[in-house]
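Note that chain A is present in both complexes that follow, paired respectively with chain B and with chain C.
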Partner chain A sequence: MSDTKDLLPLFKSVAERVDRRSFETVTRESVITDLGIDSLSMMQIVGEMETEFSIQIPDEDLVEIVTVGDLCSKVERRVG
Partner chain B sequence: MRTFVEVLRDNAVYADHAHTFVRMDGSERTISFPDLWRRSCQRAHRLHELGLRKGDRVALILPEPDTFVLAFMGALTAGLVPVPMYPPMTLAKMEAYGETVRHILASSGARALVTVPGLEAMLRTHLVEAVANRGGEEADVRVILDHELEGELSERPTAPCDVSLDDLAFLQFTSGSTRKPKGVMVTHRNLSTNAHAIMFDGLRATSRDRGVSWLPLYHDMGLIGFVVAPLYAQVQVKFLPTLNFIRRPAIWLDAIHRFRGSITFAPNFAFALAARAVSDEQSKDWDLSCLKAVGCGAEPIQPATLRRFVERFSAKGLRPEALLPCYGLAEATLAVTFASLPDPMRTETLDAKAMHGGTATLAEGADGLELVSCGRTFPGFELAIRGEDGGTLGDRAVGEVWVRGPSVMQGYFEQPEETAEVLRDGWLRTGDLGYLVGGELFVCGRAKDLIILHGKNYYPQDIERVVSETQGIRPDQCVAFARPGTEGEECVIVAEAQTASIDPREVASQVKQRVRAELGLPVAEVVFIKRNTLPKTSSGKVRRRDTRARLEAGELELLVARKTAVPAARASSPAAV
Partner chain C sequence: MTQGPVTRIEEQLYRIYMEFFETAERERRWSLFNDIPWDKVNPSCSDDLALCAETFASVEMYLPDYVASGINVVRPWFGRAWWQANWGYEESKHSLALGEWLTRSGKRTKDQWFDHYNVIAEKQWEAPFKTARQMTLYGVVQEQATFVIYVKHRDFAKREGDECLYTIYDFIARDEVAHTRFYQQVVKVLLAEDREGTLADLAKVFAEFRMPGVDLVPDYDERILQMRGQGGVDRDLFIRKVYLPVLKYLDISRHEMLAAQRRALQERQDARENAAE
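Moving on to the complex of A and B:
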């Protein structure tokens, strides 16, 4: 993890913007559906993170995302 | 007046016209107008070969825009009654999805279901249950995969049967959260009259116009507004998948720029999303001066959101007068009113106190509730505002919006009681609150207290049930309602606390989490009030609108002071009738 950027803070701020509520206590282990993030919000969050770094996560990778950390890792791998 | 099938047939002479479909993987498919007719006829014959006959309902669950549109047109050409249904989305709550699928399959009495191989196994399990609920057997409903509808195209295509204006065209199931959706019966006459109203009276469209839409095709605004109506005016359309827009909002305006789109429609939330999520880099080359009609409808319209959208993109050539607020509902096929095309958006700022009393009086100062004019109804249609006793009210009196005209539905499929509740002497009771000024309609709320967020409907009773089950809340002593927020409406709960010693932060957090988890709805604020102070009717029913008005007026007996006061201009709202 030394040279990769931790994207948890970015996830929190994007999710807060998209869902208009606080995600202060979220960790990388948090399960996304348990946070009450629905599929439309999830798409917006993924899209905003992709736009932020001008990257694209393939659709088939999206189904593997269960936790917040899963999503962050997918983005980190493409940014780092 | 021609039926949609006759329009499809007659459009086959426009070989230089085509629809463009963007698929979910980003690839494009172009289908010319002659090809639309050839493929519709070929699919229609195939559906008859598969044993389906005129009047049979056929459910469609097809995620890609091109296959959905071809199957829909093929079914209409075959004289069948398509039942468009929404496909499951990634991470969607599959349990709730299954329930809706079973309900629609059973209540529409569908004889066939057209879908894609990837969804077949999942849908079959729901189908078995749905058929059993209707007292039938699995073999009664045929599952057809979309590629089975393909076949050889004829050079001289013909429809397999006649379709007339008074035939049932399709069933539009109204969206609902946990309530059972109802099937709106739309006839070919309903479709044709509404298509004429939209394209010619509302949009003054010509064959030089071009439409761009990412709207879901299983709902009225996307389906009638872009699949059906444009063909009456030979308008070519570019269709984008809904989820692709949600993930990358820039593709909507980018498609308008590239395709030189002149007509587009979206609900309020999409304008907020586009203004926020499109980057300067994405929009740097755009020229949006081609847009002549940017329709906004389907959920409460917030003037500030639309203004922000125009400000954000005016440097790209977007003209403020292109904004076109409109009003409609599935029970009237789609459109009921359109703002005047050449005029900029018109709003009124109203006195909050007078609105609570049921009168739309203009505010003295700048503070007050700002509402958008949704324009006038179309030739051949009538609007009325009625009070609770059914009497017609005059200008500026707030009441329920009623509409009469050739696009009003025949009723809800196989639901005579629900139909009788909303149809009287040819008039449709919309369930929406509004007022008229010289024929111009301003919509200000919903008579049934329905909460609409991001295009989804939530019934307050469902939210209140979940809140009631939360530790620290007095059961059934709470109400849920919507108020305007910064980006569309937001949900507020007012609840009596179990005891005065609850930890308000903890209970509020519990309430928000539970509502979110069970209904998928974000709650903006939980307000705690003292025991036995929730406004009720004499028969003990909660009074949502009264509670909301009192909260805004500072008249509720709060148990805990509110963290942030909501600015008066945003908080005020009509209570009325």
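Moving on to the complex of A and C:
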């Protein structure tokens, strides 16, 4: 299982798998739309990260995600 | 000409259409001549409001192409073929109402409006997907997105003090949401018949979805930038008001979509990379 302390590396690897390009320079402060990740890829990245930990972020929380850190934090909180 | 027996799916789709049509006839019909308060046009409204209305009208003006491709794809299915004919009638009122508003508000002359149609007619819309099922799923997404945008622009018209355009957008939005509900009912039947195949097609449609005016309507990109300022569909809105509601209505979980979506996104990426080579 991935490191639950900091999920940035997991985000990068999932995003690279989904969008087939490098996200090496991404930080937690990066705004997801600025990375050129569209809405469907974003849903896929969220879903893949949820699957990794067998968790589910409520749909209503998804729209609050603006930065990479927002997404990582939501997963981290549920992983404990 | 002898036809085979009516299949179960044909019967279901016919019934869905008849329920839709009955509601439309009894409760949703509106008249361009009797129900729109033309005396409530605000001639001093902004040019932005007019540009947005013209853009909506432009997209709606590809109606001949939408109807031609749609009705031919579903020709073998009685209920769906009649749906296409009725859909064409309802959609035809949208561009007529918006065109009338543009000229009655003084924002465009009749000559400008007809010239604009001639420009529109120079290009032809082509169906973005090949099969009836994919086009039905495209209908779900496109009508839902269009409904969301019209509601936002209905509010824009209200802010501009134009009760006439507000009413037009209200009628159109009601039509669009009724259309997406019809498509959703059809998709439920398709899911029951072939869930895996329908999910694959839904993922493909989400992955390749574009609004129909792209590459067709003159100055589309500039128009869309302008419209976004007044209430377009950004990423959050698409997720919140289109993607998630569609999945919820169809009783599909986000996780059920993942495998099909993964394949669809990879195919989209393949296509983009091939196009770039």
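Simple rule for what comes next: the second predicted complex is superposed on the first by the 76 of 80 C-alpha atoms of A that agree within 3 Å, B and C clash if a C-alpha of one lies under 4 Å from a C-alpha of the other, contacts with A are read in each partner's own complex, and residues count from 1 in each chain.
The rule is short, and it goes like this: a residue touches a chain if its C-beta (ideal position, glycine included) is under 8 Å from a C-beta of that chain, and two chains touch if they have at least 3 such contacts.
Every value quoted in this text rests on a predicted model; they were computed, and no experiment measured them.
In the superposition on chain A, A:E50 makes contact with both chain B and chain C.
Once the two complexes are overlaid on the shared chain, A:D61 sits clear of chain B and of chain C alike.
After overlaying the two complexes on the shared chain, residue contacts for A:D70 are found with neither chain B nor chain C.
When the two complexes are overlaid on their common chain A, residue A:M42 makes contact with chain B and with chain C alike. In the superposed pair of complexes, A:E16 makes contact with neither chain B nor chain C.
When the two structures are aligned on the shared chain, A:T33 is found in touch with chain B and with chain C. Once the two complexes are overlaid on chain A, the chain A residues touched by chain B in the first and by chain C in the second are 19-20, 33, 38-40, 42-44, 46-48, 50-51, 59, 62-63. Across the complex, chain A meets chain B through its residues 17, 19-21, 32-34, 36, 38-40, 42-44, 46-48, 50-51, 54, 59, 62-63.
Residue ranges of chain B in contact with chain A, taken from their complex: 24-25, 89-93, 243, 246-250, 273, 276-277, 279, 281-282, 454, 485-487, 490, 512-513, 516-517, 520, 522, 524. Partner chain C is touched in their complex by these residues of chain A: 18-20, 33, 38-44, 46-48, 50-51, 56, 59, 62-63. Of all the residues in chain C, the ones that touch chain A in their complex are 206-207, 235-236, 238-240, 243-244, 248, 254-255, 257-258, 261-262, 265-266, 269, 273.
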